[in-house]
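First chain A sits with chain B, and in the next complex the same chain sits with chain C.
Then we have the complex of A and B:
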């Protein structure tokens, strides 16, 4: 083994240590709830908490609606921009980057000013209305990631030629979009969807200020009042992120044709 | 009346006019090639027929029906693209069946038709393969089957062989022609490869800067080019200028010899000379029974091209190339040698303009 190789392994080991140590420490601490021995009591406590189930269920529901809405909005938009208005791409890219520089607190205060109970569109008057606002907020927050994932996936296929081929075979635009384009950018949609999911499930500011029973505020509440449950939640959240990443990989590999062609 | 009619078709992109007043009638079952260099407008015309571009002026009719305003998916035209354009998420069967499903055919009808098409292109055994699992030639054959499956009125081929290697190109172009003859489908083939166009077409349209320079059979295009561009673009051609000795008598002065041409001389250029064209294969190093002209020249280059040897001569400051078959027993002329080129005066063409 030459010096260069040893050095490479050394760097890998340091990086792994830097990454794994905090996790190990967090996990170790989360197991110390029972005095003098390791146990999964903190996890049991978290998972048996009725609020955990309800807030997590609520956030997952909101996240799924966000993903569906995002896919319906972004895939046709990215497709249309690539196909018919390529000159607008820089403008669209700029717009999709705006959520990164506008804090979510600004968006929420904007919502509250525009859609409060005395406005002409009183969304905040009802739970459904506020949920709709929250989904829009999640869509806005995940827009930069979702758009980029879909746009990158579209770059790997020749959208124009596939569209023309489908048109010459008699297909109308919705058939082209859903049967010829969408399946070939599914990897990008899924990548964006998982990021959207993570954002929607973990977001604190928006649901908190809109007073929604979401997982983000629950996490903050537990963190402020309990010692062992927060690291247990952190490990659960980390495990979910890893499962998401593994799912992206599996989906990418299993996706027939388009994935294999790359 | 012809089957496919293009009348005064024009196309501009902004201020750039890419097709100028294009007129052509194509008969049912005819195989027509659009030949020309990049940017000459050949693909634009094809795309206007397919409905992907809207003509700025003029009219396109297929089977007597005006295609203006008809969307591509309503024209019943099969198209094959240079980049194959197979749907990556569908296997061969699904790709070929796509148009049939759109047309609302029943499952047994689709299965029967797809099988027929795959048998036609000899790829029945690859029905379950995905595009990425096949070679370029196989993908293009599937694209052809997909385009033909819906029994289109017209088949459009947009440089379908450009992305393939030389051997596959030759075999696939023969296969395309065979299938076209078998089905009797009206076909337009766009290419920039003169050999491709000459070998498979009933007629060729040679295009230059948005204009059809010449429309004719392969033989007419090759043997009687009507413009200097066609003469230069199709095949290798010696283009030389010659002084006029007797305009009415068709006598010109070339390489120190007076040659009486078979063709009228037409209008001379500003310098009072005419442009003449001569194919390299019309020239030989030895007199033949029919050759009536012999011109001396100095060898300036000898290129070995495999089956033929191309020799370039300097004839009084003008270059003349000629091909001789490669014969291992015969030594080709050496650079600097003075040789005599023999040809028939009737093989010399007068190039207008």
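Then we have the complex of A and C:
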């Protein structure tokens, strides 16, 4: 064993300690609820909380709407830009990077000022309006990831040839878009969708400032008021992140497989 | 040239109609809100042009918030970049078995997404007053962490917490760049009689610095905009920019909406500068990854 490998093992070991320690500690803390012995009481308490179910359900619902809206906006746009407006690509790419530059707290501050009850688009006047605004906010936050994964998937197919072939067979535009383009970029849509889902379900700032009963603000509320439930929730959140990352990995592998077979 | 072409033909119009929904979305929900705030940063409440909002950013309490935010972001970005680079180098060219590399990369994918409120909970359970590490240090090693002046709700605590998502992000972005170092380069260097140190100084560092420095800036911007972890971890006890802005939006604590706009403007300027340098360096770095 040479010096380089000893050094490498050393770095990995130190990092592993730093990364695993909080998980162990969180798990240990979450089981301390019953005095003197370890138990899963905190998990039972979390899962039986009415608010846990309702806020989580609300966030999942909003996330699913975000995914559908995202697909309907991003896929046709990416397709159209590749087909007809390739000169616009740098501009679109720049715009899709902007959500990484502008913190979401700034964007939602703008929403609150621009779309309040006295404005030309009074989204925040009603609950439904605020929900719609929140969906647009989630779409804004997931734009960089969604656009990139759809556009990458589109790179592996030739949109021009597919469109011409479909047109010469007499297909209308919606047939081309939904039965020809969509299925071909489905893996890209899916991997973007998982990221959008994770963002929408865990997001704290936007729903909190828009006063919506979402999962993120609920987590913060529990954190401020309870002792043993927060670590239990952290473990649950970590497990959910694992699952979505595994799903993303599976879909990107499928995508690579599809690209390789072509 | 016989038939006069109309100035805009139908095809051009359909072309633009195709991107109209996206343009509308981007303007309404991304560009207009930001421009509105930036404009507001330069206006008085009555609507006259002014620089006084920007000037009040330099008042002591707001300047202090910006300064501690910049410090936490910079410290967690530098710490994340250094450790992340060491880890990336270890799994890429350190001669470790393949499974270690796969395990580290998969874990980094998860940990870089494990942020927000749950991350704060995890660190409270680890290094909080009743956290496992705090208790083990006290009972087993006899070290009372909190008596040494350590506090999770402070600069050092926030930095340690942020590094939990900063290190993995660095690993994920820099590993491909280190993988891109061609074996021929190190062989050529050693044939020409270069020492390891010379190889690193004259070949590796010049090639990798745009990736490393660029990612450092990305990490900085990433930490600077992080609201949820900070709010959940510290409540409002630590005076950093996202928390000040959050409190201002919640209840006009600064008693001047336009000062809130100016803070938002300041945040966009700081994250904007670091992101644009990141993108520029990224383009430079990609020349070597072809």
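Going forward, the second predicted complex is superposed on the first by the 225 of 262 C-alpha atoms of A that agree within 3 Å, B and C clash if a C-alpha of one lies under 4 Å from a C-alpha of the other, contacts with A are read in each partner's own complex, and residues count from 1 in each chain.
FYI, contacts are C-beta pairs under 8 Å (C-beta built on N, C-alpha and C of every residue); 3 or more make two chains touch, one makes a residue touch a chain.
In this text the structure is predicted, and so the values were computed from the model without any measurement.
Asker: Have a look at where A:216 lands relative to chain B and chain C in the superposition and call it first, second, both or neither.
Answerer: In the superposed model, A:216 contacts chain C only, not chain B.
Asker: Determine, under the contact definition given at the top, whether A:157 touches first (chain B), second (chain C), both, or neither.
Answerer: In the superposition, A:157 contacts chain B only.
Asker: For A:166, using the defined touch cut-off, is the partner it touches chain B, chain C, both, or neither? Pick first, second, both or neither.
Answerer: After superposition on chain A, A:166 lies in contact with chain B alone.
Asker: Given the touch rule stated above, what does A:127 touch, chain B (first), chain C (second), both, or neither?
Answerer: Neither chain B nor chain C is touched by A:127.
Asker: In the three-chain superposition, say which chain, chain B or chain C, touches more residues of chain A.
Answerer: It is C that touches the greater number of chain A residues.
Asker: If we overlay the two complexes on their shared chain A, which of chain B and chain C does A:175 touch? Say first, second, both or neither.
Answerer: Only chain B; A:175 stays clear of chain C.
Asker: Applying the document's contact rule, which stretches of chain A touch chain B when the two form their complex?
Answerer: Per the stated touch rule, the residues are 157-158, 161-162, 164-172, 175, 179-180, 183-184, 255-258, 260-261.
Asker: Write out the stretch or stretches of chain B touching chain A in their complex.
Answerer: Residues in contact with chain A: 50-52, 71-79, 81, 83, 85-91, 98-99, 102-103, 130-133, 143, 146-147, 150.
Asker: What residues of chain C sit close enough to touch chain A in their complex?
Answerer: 14-15, 18-19, 21-22, 25-26, 28-34, 36-37, 40, 83, 86-87, 89-91, 94-96, 100, 104, 106-107, 109-111, 113-114, 116-126, 130-133, 163-164, 167, 221, 224-225, 227-228, 231-232, 235, 242, 245-246, 249-250, 257, 260-261, 264, 267-268, 271-272, 275-276, 279
Asker: Inside the complex, what are the residues of chain A that reach chain C?
Answerer: That would be residues 2, 4-5, 7-9, 11-12, 15, 18-19, 21-26, 28-30, 73-74, 76-77, 80-81, 84-85, 88, 92, 95, 97-114, 121, 136-137, 139-140, 143, 198, 202-205, 209, 216, 219-220, 223-224, 230-231, 233-234, 237-238, 241-242, 244-245, 248-249 of chain A.
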